[in-house]
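The first chain written gets the first letter, and so on, giving A, B, C and D; residue counts start at 1 in each chain.
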């Protein structure tokens, strides 16, 4: 665990800025002129600290490419609302959006599905032609009634509108307001039609705004406030991540009063304005609300990183620094307790992984936050990129990457293929749509949205699992079978 | 439920003595001269009450035919000893005999395998060449020691000798005697080598003799004797039969002190000389010991039949007649209670089964004892035969069968095929070796040794299962698929 | 809202409340309430049209499925297919956004066509729509003509398209529309009067089992009938891993598709997923065009083989007769394990019809039949199948119901097994009923999409998994006393 | 005994004693004691020689297996085969009894031959022995010559025979002896100097999976190599149900077997079940005679195909290359479900070798390998396979151990899955470990003997069942919170 928060990244052998720039050139040649111009600003050879050498982001996807991106609805349903366990999330519109996003994000929850939690279920208004022609508002009101009757323990309903809703002029906000009153139940409208914005990112923002407008401040915690009350923001509990993170924060002596939104409870979220500090893991999807809470309630927020022992230790110290000596002592105790355990993991896997090259293309925080964990295992990240990032994400990324590495935005599949091949990577970490493309090419792959059905990867609990998975992917004996001897 | 114990059986339409005799002639023509002569006395067109019209039995099987018969070891291991749950039964000799008989008889037991019961396990001395050359006695002594050590709750050991043991001159009786003493544990030798006798029947007899010589009288029941103490003899608990039988006997007010040998306990068997009446279901395999107990301890015995409501009712009355008014009243109460339930079963299935013809070829008591159950369902038994019966079995069979039906002994597969085809039977009930022969010919079949992995068939609990199974076999829609439409 | 409400305290749901509702949702009372709902659909067993359209597009040689609409839609379809097949699903979208609502999607479509052509070099692009262009009324036909005239794509470059509104029908309708579009695009002007190319056009219908496609081909091969499978996804979604990624690893050769109006005959294996396509074929060719029930079970497979025999004047080959005999043998051997066992099944109408037929042949009961979307005609068709057999007695057909209905149904009127997609797994767990995964999607097991379930061999596979699941259940639920070596 | 003992009371075992022993038999202490036993064998994974001999006999056209010995033995072998295959096993015995011990079995044999010939009209009778004649030293050769001379059977009627003492080796030795006897009987004087019939003699070895036989034939067909399968039980034990019972539904044509010394090459697929047969072939023909590892797993199948390629000068066909690619694809997709998972496996040495190879290819651990019977050479061979891979580290080979040993082993040093015959089911239950049924015998599930496990396709089948069993276990053992739609 060398590079402990080193300001300047050590160079990676064989990675040169010039070569990477040439690779970019070569890649851009794949495109027709117009598209080339559009794509050109979205990829760059990294040169931390050098101004201008940056990557454009949050722009429209070039039509006709294989983009990994989703839509605003995906950001709202899959990321922000879906993980809130005690609400019925209505995919309002045709059946498909809810169907495809049903059970596919791995935001785990604790409870009994259909009783007190509902996030493994798919509620849809299943629009038919007549709903489009005559409007779906009445149906929506009826849906809310039915949900209230069939799921009496539901703590609320979110209405996530799909494309047709916004296009035909339905007013879900009015319906939500009325239903909310009639049913004495929070019914929260979220105008997250898929055509809005350029990616799922706008869905996060719209959802944050819905929380701001309809949720935050509507509850207070039953217990007396303490100085150690915090909220864990931007942890969606993929494969149990939030539980792993919470364990450490508990051990640190902090009270995690709400999680946004992994295994989330809407009333706890509604009372978050009472906490003393917001800890943000996924900055991208939740920075909006953190800022709102800072502005309106004066709650400070900070980012942290619970991937891999190096980053965990640094984050623990940084978090603890916001509190008193007791918490700071706890941080050191925790680090001292887990360091040998994590070292044992490193000792086991690093010899099998040292010098392996990985390329990442994911969403949210992962293209930068996971780097330390890979590096703890001896891997080198030669390229990283985001599906739906903004400038502030890239600003946080350059310094995490070595000079000359590739940084990119909203990559298309053909770009990723080219880079993985040319940069001779040993592992690609990206999404399910990309997985089998690389595996067919004989390149080990891990799904890094869903942790490839494994996890958690967060915290001390997650690192051994992460290490095992990376080793397993890269060193699976099946790779030795790819080439037939005949 | 018409023919309640009718003395003379109603004729079966289309079954004529003459035609059956012609069929027998035709069948015998399949054989070479010498074999024909051997087989001829083993089959007959039934004519109840007419002397001389009988079937020879308990003779050597004709060499070169496909016989269904097993050997003395099979009778000893599979029938008598195997079901005794709390002993380790050593298949003494080469590995095969124990291997093939392992778990294949369905004599269920209650308890924890390997702890207090052992009948689903296969203990073998796995003779090797050297054991044959130098003898296996020392190995046997060692085996007994090992069993005692590894299975401290075993109540005894049976040593079931396989062919080589008797041929090489080992003295298992001496070993057993010594081991028994050394280990303070009953070690019971059973010289049931497969070459002895003509079928499994001698294995029953030899095993009965072993019980006589080594077991009976060596224990007494812990409770005070009562007038209602009985033993259930010749019920091997196939598919839970003995438990179903015991339920009725309990309800009748009798104390079943021992079961021979289904779910059997060796110490209870050892104390059976204290009961007041022995009730025998399988006369063939256990009559020897019933007679011994009658002679030596004056215990009366009687046969009974718990297959199908007609026979159960008749048997209940006959058993009750051996006891006081209370038991007799109980018998009538039981019959009154179950008659409507059984009638409902008959009403359900009889319309689907009326007039269907069945042919049976099984062992023990079943070729005659099950007839009533089939008849309760409206089936007609056009032929029945035994694998390993004696004269006294046939004497008990003629009157159960209609005139002109076929009665046979130790049938070969080719005979059964001929008869099933010529007599146009709708069901054959026989063993696993026969099952698929008939099914290939498009003839429904039930395994009537193992109840085809179903059961129990005994008692009031068994009849609904039996009825369902017979209906299912005969009326399975798969029979409608046998002939391709092209 | 935040202004209106007094600030209440956070309340936790008590364990008692949870226990009460947990019990309640398993009651008859709840079942009734649940069946009475009219508006909300919960855990549906159907997807939307474009998914079926994309499946078709993947089934043609060198063809790039092209979603006219939001890129999010395309990502969803691709993910859904990729998760089921564990294979790449190469498709693009023209990434319409808000301004599309104002200006229409022509610019996106044109730019998308230009880029996709250069980047992925498809031989054909098959366009289908997601919601937005359907609502705003984009004129695809005009857009494509304009693209050709503008030189964005060559004049003769094949671009079939289909309107596949998600708010109308299900994935099987999208399948139908896209298939009709592709075939009519390629074949219409390739018809030669009087020509008979001797081939069979075989249309599997919406079928996400690559093994089924291979099985159709094998059966035709046994007959010696040259087959033109429309659309053939068997290589697309089951391609070798040999170190080289191929964007288009398989599909029906475009030339063969183009020749399909000259075929000797056309057979569709799904009545409800190919209506428009079949109507089109019937209007365009004098050669026989017929629809068969999906060949699941013996009788349905018999009918299929006899139809092949009749159409091509060929005897059913001995190899298939032997297969049939082996299947009947296996069914007979296993009938006692399925006899009168009750099953709940869900999925598309044609899948259900096949499964009903098979279960009834085994003497089992298709006890709850959940048809997620279907009209009265579908209902009548399925009900007639149930009515044909004594084992159909008491079985219930549930039209336009979903898996949350099914949960109530099996809780109050239980079955011995569930047969259907992965989406039933929560019901299986809650009801403690074994779940045989069959159909689409399968998201939590491997390779099952490779195991055919059509034809005699496929029916054997269903039998194996259903019967052994029942046997496993016997073992699992037996007391020690009844835990036995043999079954 | 009854005289010696004082009459004691019946005592019942107390629940406390049962609980104590129940716990004790799962301990390390017990495991040690258990492993130390020298004499008693408990729940062995091997049968006796005649079973293998009968399997061979069933594999030849019109051949009646003929047991010289007690009829009880024959009934046992027939039942064992019938239970596994759920098919008839037509065989006879000459029903020796006590007097055989005194006079020898010639009379029985002669009468048996006469009757069997008339009744069952076999084209060949293959005689093998059970214990009695082996102990008393019957001279089969002389008996058969006498039978011919006495006109009981025609002089040229084929009667190969094998001595198959049950107290020596296991079923695989009986297989070897009988196969050598049949082939040498039929082929010896049919050898034509310099003739090459262009065929491959392929010997599966003791293999009770009819699907494997069909798979061998299919693979050779793909290559275009005419194959002479010795001995082919695939039809015998998987024949159609069409309303007609046939005593001899299949088997290697006698003519083909007779021509086998003129073959282009001979391959055995089981090293340990065909030693004598291979030795004989090597002594009788100059054509290549080789033994391959059973083609379970990719590398073993590669080796098999390369050997075919080498021997017949033919390229590996594209269809098999594609199959290989699809298998590697499936293995890659599933590797994470098997990675480092521990398995216990039992069975014959060649089956174990194949399974070890496959598991190691998946990154799984063949953790307890129970080889019921085998010498030091076998042990060395299997150990070497384990030593080849990093995943073999810590895995243990248990030579000449039985399933009661295995029970102790998995109780004290557990595994994630059991792979083997039905006989392991009590261990699976006691240890609460999932059990994948593979091998012989399978007595409690249907059709599994029809599902091949050799070649690429067979390996795919193993993978499917092993991986999905692991996934099922994840679902079964997950808390609600971790019970997920996708896996």
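Just so we're on the same page, a residue touches a chain if its C-beta (ideal position, glycine included) is under 8 Å from a C-beta of that chain, and two chains touch if they have at least 3 such contacts.
Remember, it's a predicted structure, so these values are computed and weren't measured experimentally.
Novice: Taking each chain's centre as the mean of its C-alpha atoms, which one ends up farthest from the centre of subunit B?
Specialist: A
Novice: Counting C-beta pairs in contact, does B-C beat A-C or the other way around?
Specialist: A-C is joined by more C-beta pairs in contact.
Novice: Quick one: report the Å distance separating subunit A from subunit D, using the average Cα coordinate of each chain.
Specialist: Using C-alpha averages as centres, the distance is 53 Å.
Novice: State, to the nearest whole Å, the distance from the C-alpha centre of subunit B to the C-alpha centre of subunit D.
Specialist: Comparing mean C-alpha positions, subunit D is 32 Å from subunit B.
Novice: What parts of subunit D, by residue number, touch at least two of the other chains?
Specialist: Residues 83, 86-87, 239, 241-242, 321, 324-325, 328-329, 332-333, 423, 426, 443, 484-487.
Novice: Tell me, which residues of subunit A touch at least two other chains?
Specialist: As it turns out, subunit A has residues touching two or more other chains at 102-104, 111-113, 120, 436, 439-440, 482, 484.
Novice: If each chain is a dot and touching chains are joined, what shape do you get: line, ring, star, complete or other?
Specialist: Topology of the interface graph: other, matching no listed pattern.
Novice: Would you pull the subunit D residues touching subunit B in the complex into a rising list?
Specialist: Touching subunit B from subunit D are residues 1-2, 5, 7-11, 13, 17-18, 21-22, 25, 30, 33-34, 37-44, 46-48, 50-51, 66, 69-80, 82-83, 86-98, 100-101, 108-109, 111-120, 130-132, 135-136, 165-168, 170, 239, 241-246, 404, 407, 423, 426, 430, 443.
Novice: Which part of subunit A faces subunit D closely enough to touch in the complex?
Specialist: Against subunit D, the touching part of subunit A is residues 102-104, 106, 108-113, 120, 240, 436, 439-440, 450, 452-454, 468-469, 472-473, 475-479, 481-482, 484-486.
Novice: Per the contact definition, I'd like the list of subunit D residues that touch subunit A in the complex.
Specialist: Residue positions touching the partner: 298-299, 302, 305-306, 309, 315-316, 321, 324-325, 328-329, 331-333, 335-336, 339-340, 360-363, 389, 391, 480-482, 484-487.
Novice: Subunit C touches which residues of subunit D in the complex?
Specialist: On the subunit D side, the touching residues are 83, 86-87, 238-242, 321-326, 328-330, 332-334, 337, 422-423, 425-426, 429, 443-448, 450-451, 460, 463-464, 467-468, 471-472, 475, 483-487.
Novice: In the complex of these two chains, what residues of subunit B are touching subunit D?
Specialist: Interface residues on the subunit B side: 30-32, 34-35, 60-74, 86, 90, 93-97, 99-104, 111-116, 120-129, 131-132, 139-140, 142-143, 145-147, 149-150, 152-153, 155, 162-164, 167-168, 177, 180, 186, 194-198, 200, 213-222, 265, 267-268, 270-271, 412-414, 417, 431-433, 435-442, 482-484.
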